[in-house]
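A single structure is presented below for examination.
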Amino acid sequence: AESGGAAAGEAGDDKITVAIASAVTGPKEEVAIVAVGTKMGYFAEEGLTVDTINADGSVAAAQAVASGSADITPADTGSLLAAVQGNVPIKTIGGLVQNWPWQIAVLPDSPIRSGADLKGKKVGVISLASGSAPYARAFIRDAGLQPDVDVELVPVGVGAQATAALTNGEVDALALYGQAYTIIELAGTQLRYLDNPPVFQGIRSLSFGASQRELDQDREKFVRFLRAAYKSMLFSAANPKAAMQMGYEVFPQILGGADPASRIDSDTKTLEKWLESATPLQGEPADWKSWGDITDEEWAKTQAYTKEAGQINAEIPLDRVWDPSLLEAANDFDAQLVLKQAAEYQP
Amino acid sequence: MTTAPAADEVTDEVAPAKPTRGKRFDLRERPELILVPAVFVVLVAAWEFLIPLLGIGDYVLPRPSRIVEALGQQLGNALFWQHLEVTVRESIIGFLIGVGTALVLGTAISQVSLVEKTLMPYIVAFQTVPKVALAPLFVVWFGFGITSKIVMAAVISFFPMLVNVIEGLRAADADRIQMLTVFGASKLQIFRMVRLPSAMPFIFAGLDIGIVFSILGAVVGEFIGAKEGLGYLLLQTNYNFDIAGMFAVLIVLSVLGLIAHFIIRFAQRKFAFWAEESRVIAA
Amino acid sequence: MSLRTTGRPDVDTASVPADEEKWINIASLNKVYQARRSAPTHALSDITFSVRRGEFISVVGPSGCGKTTLLKILAGIVKRSSGEVRIAGADVTGPLPQVGMVFQAATLLPWRTVLQNVMVPVEVQGLDKNRYRERARELLRMVGLAEFENSYPYELSGGMQQRAGICRALVHDPAVLLMDEPFGALDAMTREYMNVELLRIWAESGQTIVLVTHSIPEAVFLSDRVIVLSPRPGRIAEIIDIDLDRPRELSVMSSDRAGVYVDRIRRHFNASVID
Amino acid sequence: MTTAPAADEVTDEVAPAKPTRGKRFDLRERPELILVPAVFVVLVAAWEFLIPLLGIGDYVLPRPSRIVEALGQQLGNALFWQHLEVTVRESIIGFLIGVGTALVLGTAISQVSLVEKTLMPYIVAFQTVPKVALAPLFVVWFGFGITSKIVMAAVISFFPMLVNVIEGLRAADADRIQMLTVFGASKLQIFRMVRLPSAMPFIFAGLDIGIVFSILGAVVGEFIGAKEGLGYLLLQTNYNFDIAGMFAVLIVLSVLGLIAHFIIRFAQRKFAFWAEESRVIAA
Amino acid sequence: MSLRTTGRPDVDTASVPADEEKWINIASLNKVYQARRSAPTHALSDITFSVRRGEFISVVGPSGCGKTTLLKILAGIVKRSSGEVRIAGADVTGPLPQVGMVFQAATLLPWRTVLQNVMVPVEVQGLDKNRYRERARELLRMVGLAEFENSYPYELSGGMQQRAGICRALVHDPAVLLMDEPFGALDAMTREYMNVELLRIWAESGQTIVLVTHSIPEAVFLSDRVIVLSPRPGRIAEIIDIDLDRPRELSVMSSDRAGVYVDRIRRHFNASVID
C-alpha cells in the first residue's frame, strides 16, 4: 500500500524514521515537515530517506524512539523531560512548537469572560492524563482559583466529543490546543477564547527528541534532518496551501476518503494554525532566525510547569535533556532560496 | 435458519403436510423474511427523523441519509478498499492464529490437568490485562506493521475459544468414552471420535465469539499505531470531524461481523448437523 | 406394605362428557417419520382401536414395529401423520395433564437425586410436595430403592434407574398411564413382583393403563386385552381379550387358559420372520 | 481443582486406597502446588535477568523488581485503593448487567426462533462495532461518570455470554424435554428443570469469559474519559512515564481477573457438580 | 445366511502362556463404590471363579447386584477395590484389545450412522476397513437392520439400537466377548432368533463369552455354566453346570433337563425377597 513516508524518487542513503506522537495523520508536523521535506527534496538533498510511524501519544513515541522503532520524534517537551527522568536514552536536540498552543474556549454567548469566571464551572479537558489537564489546572490557579475544588475538570476528548460536551452544556469551557479548536470551528461551532496569562509565555510544547544511541553513532545525520525539517517549516509557513497539497500526496490517508478539493481550504487553515504555534509570531518568515533554539529561561519555565503537572518530580540538569549543539549547523541553510521555492511553487 | 424447537414444538415432528425446506418461500413459514427488513426500516426511519427532533447534532450521531452518502463516497474510493482489505486480512489471520492456538492449548489443558494447573492462571492473568495499555510493548515486539494488529486480533479471539474448547472437551459423555476405551481406542482416537464431536456446540460458540472479537481486535490494534486499516480510517474520519464517514466505516465493520457470523453458523449446520437434527426430530 | 392412592379427583376428565367405552380412541392412525438424511420410515399404518376407562391393555409386537411411537403419540409428544387420537374425548395435540408415562430409557435428570426425580411430576403439576413426598418414598420402598433416595442417577444400575422411572410415573396417580417396557431391565423375579404390585395399584386407583412389553406372558398376566402389532409398519394383527378372573395371582399363569393365550400371541411372532 | 479424567483414567474410579480429598496435601497427588509457583519463579527470574541482557530498557518493559517496588508504593497509597474500588465496582455492575441481559435475551432467542431471526443480526452487527470508536456517543448518552464505563463493561461481557447461553439452552437433551412435557411441564418449568441445568457448562464458560472481559471493558471505558479507576491510573502513570507504575497497575488487573476466574470456577463446582462428578465416577 | 468369522489370529493371547482352564480368572474380587455425596456402595463381595477358554458362561442375579460392575471390571473400565482379575494370564488394569463388549445401554455415537457405529472397533484397532465393512453389513443384515445402515441412531427404536450395539461388539471377532443384557430390549421372538445366531457365531469362532442376562431360560439355553449372584453386595450363590448337548436347538428348552436347570436357578431368586 502507498502509505506515508518517502514517496519521492530521489532517496538518500541514510534512513530516518520519525515517530509521530499521534495515532492519526493530519495537517500538522507530518505535513509541514515530512511531506514538504520529501516532496521538495530537502531530505534527499541531505542524503536522507524519511519514513514515519504513528505512535499513540508522546510517551509511546518516546518509547518507540528509545527502543529503536524510530530515530526521532516531535514529542511533548514535558514527556521528554519525564523520559529523561525515567532514564530513557533520549535527548532533545531542537525545539519545534515554540508558542503556547493551549487555550481555554467558551461558546460565544457564555458569561465566562475571564479565568475568575470559571469558579463553580466545569472545564472539558482531553483526558486527565494529557497535556490539557495540567494546562487547565495552571490556568485556574493563575486566576486565583483552586483546581478540582473551585473548578471541575471533565475528560471530554477532542473533536466531536468535545464539541458535543460544550454545546450540550456538560462542560462550560474547553481546554484544548489551537489546531483542535480550528477543526471545531471549521465544523461550524463558534468559539470565544480566553486570553492566556503571561505565565504560559515561553513554555515549550513539541520538541525533537532523538535516540541517544543513534545520536552517538551519527550526529551528522540528525543535523541534516533538522536542517531539512526547518527548511520545510519555513516553506510551509510561506506557502501553507502548497504544503497541504504535498501532505495529501505523501499521506493520502489524511483525507479519510474525502475529496481533496472539499478539504484543502479547511486543512490549510488547520495547518496554518499549527504553524502559527510552531514559528515566531512576529516578523516576516525571511527574518526568522535560530530555528529550534530553546533558551535556558524557557527550559526553566518548562521544567517548572512540568513539575507542577506532576510529570517530573525534580528539576533535571539541562545537559541531561538538552543538546543544542546540532542547531548551529542545522540553521545553516539559504532561507531566501526556500522562500523563493515557496513563492514559485507549482504543483 | 433452522433452530431448535421450543418446548411445545417438540411434538412438531416433520408432519408430511409441512414441507421442511421448500424451494419457494412461504412468508407465513418464514416471517423473518419480512420482519428483519421491517425492523431495519423502522429503526432507520426512527433514527433519521428522531435525531433532528431530539436536537442531536450531526457531529454526534449523523442521520442515516448522511451516512449512506458518506458510505457511497467511501465505497467509491480505492483507498477505502485497501483499508478494508488490510483489516480483513489482519482479522482472518489473527482469528486463525488465536483460534488455532486456543484449540491446541485447550486440548492440552482439558486433557492434562497438570497443564491446566500450571498454565491456566497465567492465561487468565494475561487476558485481563488491557492490551491497549501494552501497545508500546506490542509495537516493540511486533513492529508498527500488520503483525502487531494480527497479534491483537489473535489475543482477543483466543480466550473465548480457549474457555469453550476446554469446557467442550470435558463435556463428553463418560459412557461413550468408556465404550471406546473398551474397544481399545487410544487417547487420540477417543479425542477424535468422541470428545471433539461432543465439543462441537462449544467450539462453534467459541468460533462465533472469536470471529467477532478478532475483527474488534484488529481495529483496536489499528487504533494504537497504524497507517492503514478500517481502525485507522475510523480515527482519521473522527479527527477530520467527518462523523458520517466514521459511521460509514462502523457500518462496514458491522457488515463484516455479520458475514463472519453467518459463515460460522453455516459451517455449524454443515459440520455439526447431528446435534441440530436429533434435537428437532427427537423421538 | 400398603400403597394408598391419593384419590385425587380427576377434574379434567370428569368435566368432559366422554364415552367410557372409548376412553382412549384411536382411528386410522398413521405415522411416517420424515428424516432429513435418509428415506422416510412408515412406523404405524392404519391403527384403529379403543380402550375402556379403567382398562389394562398391553401392546406387543416385534422390535421396531412402532410401539414406542404409538405411546408417544398418545402422550402428545410425537405428531401423528394422519388419523384420530382422543383421550377422554379430547383430541390429543399435545400432552394432557392426566397422562403419566414410563419411558423405555429411564430418562432421569442427572442433576437431581432419585427422590427429586420421582417428585418431578408433583413439582411440575404444582401438587402438595409434602403430601406426595411420602407417597414417593413409599413407591421407592416398594421397588427396593429406599436406601438410594438421595443417590444421583449415575450411581444406580440400569434396572434401578428403570425402577425409579416407574415410581416417577406413578407418583401423581395419573388417570391414564402409558408404560413403555417398564420392566425390560429387570430380572425375572423382580419383574414378577413388580407385575403384582402394578396390578394392585391399578386395582386401587382405577387407572387406564397402556403397557408396551416384550414379554408375552407378562402381557397376558396383566391385561384385559392384548394388541398384537405386525412388523414395521405396525398394523394391528389381532386384538385378544384375556378372559382370566381378577384379581389374578401369579399362579394363574400356569393355568391352561393362560397358556392358550400365550401360544395364540406367540403364533403371530412366529409368522413374522426377521429379514 | 478436580478436573475430568483423561481417557485412561476413566478406570480410575475412587479406589479406597486413594483418598479423594485428604485434609493434608500430598505433593505427589497435587504437583501443581509446586509447579505453579515454580513456573512463576522461573518466569519472573527470566524476566528479571533477560531483560537487561536483551537490551530492553526499563522504559519499555521494566524488571519485576522495579514493578514490585512500584506496586508497593501504589498499595501504600489510599488513592490507589479508591481507583481499585471504582474499577471493581464498574466491572461487577457491568458484568451483572451484561450477563443478566445476555441470559434474558439468550433465553428469548433460543426459545423463540422469531426473536432470534429478528434480533440476532443486529446484536452481531453491534458487537463488531469497536466501542472505543463509539466513545463520543457513549459519553453523550451515559455521561462522563461511572455509567459509561459500566455500559462498556456490560457491552463487552454481553456477547460471549449471549452466544453461550443460546448454544447451551439448545443443547438440552430432547428426551428429557419430552419426559417433562409428558408430565405437563410448562415451557418455564422445562426451562428451569432441564434447559438451564443442561446449559450450565456453557453458562459457566460464558461467565468465565464475561467476567474477564468486563474488567477489560471497564478499563477501556476509563481510557475514554475518566477521573478515577485503574484505567485512569494506567493513563496517568503512562503519561508520567512511570512505566513500572503502569505495570504495577497491570498486575493488579491480572490479579483481579484471576480472582474473578476462580470465583466463577468455584461456583461451577458448587452449582454444576453433577457434570463433574458423573464424569469422574461414571460407571 | 452364513457368517464367516474372519479367523484373525489372536496374537496377544497366543503369546502368553496362560492356563486354558483359567482363561479368565477372578479371585476374591471386591468392589466398593465411593460416591462423594452419598454412602459407599458395596457392589461385589468376594467373587471367585474362572472361565475356560472358549466357554460360554452366563451371569444372572437380581437387579443392582453388581453384574454390570463385574463385566466392567473384566473390561478394564472400572477399577476393582481388591482381588485378582486376569484374562489370558494378564492382570486386567485397563482394557485389553482382545475383549469386546455389548453395553446395557446401547451407547451409539449420535454423529455416526449405524454402519459407522458398527465399524468403530475396526477403526479403533486399525483393521482393514474394506474387509470388515462387508462383515459389518452381514451382521446388520442378520439382526434385521440392513436397510438402516445409513440411518442415525436417533432414528432407531430402542431394540434396534441395541441390535446395532451387538453388531458393534461382534464385528472385529474378539477373543473374549462380554455381553451386558444384550437382548433386554427385544421381543421374545427376535430374542430367540438372536440367541440361536449367537450360538452359531460362538461355535464358529471359539470365542469366550460372558453374558449377563435377566432371562433364566436364556442363560440355560446358551451357557456351559451359569453363575448366580446374590442380591447386593453380589456374592456367588451358586455355579451351575448346564449339561445339555451341543449344538443346541430351541426345542431343547422344552426338555425336562433344561426345566430342572431353570427351576434350580429360579429358586435362588425366590429366596431373595426385594425389600
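Letters are used for the chains, namely A, B, C, D and E, taken in the order the chains are written, and counting of residues starts over at 1 for each.
Basically, a residue touches a chain if its C-beta (ideal position, glycine included) is under 8 Å from a C-beta of that chain, and two chains touch if they have at least 3 such contacts.
Heads up on the chains, UniProt names are B, D = NitT/TauT family transport system permease protein; C, E = NitT/TauT family transport system ATP-binding protein.
The structure displayed is predicted, hence computed values, not measured ones.
Listed by label, the chains touching subunit B and subunit C alike are D, E. A count of contacting C-beta pairs for B-E and for A-D identifies A-D as the more extensively joined pair.
Distance from the centre of subunit E peaks at A, each centre being the average of the chain's Cα atoms. Subunit A and subunit B, compared by their mean Cα positions, are separated by 40 Å. Subunit C has its Cα centroid 86 Å from the Cα centroid of subunit A. A straight line joining the Cα centres of subunit B and subunit D is 18 Å long. Within subunit B, contacts with two or more other chains are made by residues 8, 10-11, 60, 136, 140, 175, 178, 181, 185-186, 223, 238, 275, 277-278, 281-283. Taken residue by residue, subunit E touches two or more other chains at 33, 35, 37, 68-69, 72, 76-77, 94, 105, 152, 155, whereas all remaining positions touch fewer. Counting partner chains per residue, subunit A has residues 59, 63, 67, 159-160, 164 touching two or more of them. Subunit D meets subunit A in the complex at residues 56-60, 135-136, 139-140, 143-144, 223-227, 232, 235-236, 238-243.
Of all residues in subunit E, only 72, 75-77, 94-97, 99-101, 103, 105, 107, 109-111, 120-121, 123-125, 152-155, 172 touch subunit B in the complex they form. Those residues of subunit E lying in contact with subunit C across their complex are 1, 33, 35, 37-38, 41, 60-64, 67-69, 104-105, 141-144, 146, 150-152, 155-160, 163, 181, 184-191, 193, 214-216, 266, 269-270, 272, 274-275.
Touching subunit D in their complex are the following residues of subunit A: 57, 59, 62-63, 66-67, 79, 82-83, 85-89, 127-130, 153-157, 159-161, 164-165, 168, 170, 310-311.
If you check the complex, the residues on subunit A that touch subunit B are 1, 3-4, 23-26, 52-56, 59-60, 63-64, 67, 69, 158-160, 163-164, 167, 183-184, 186-187, 252-259, 263.
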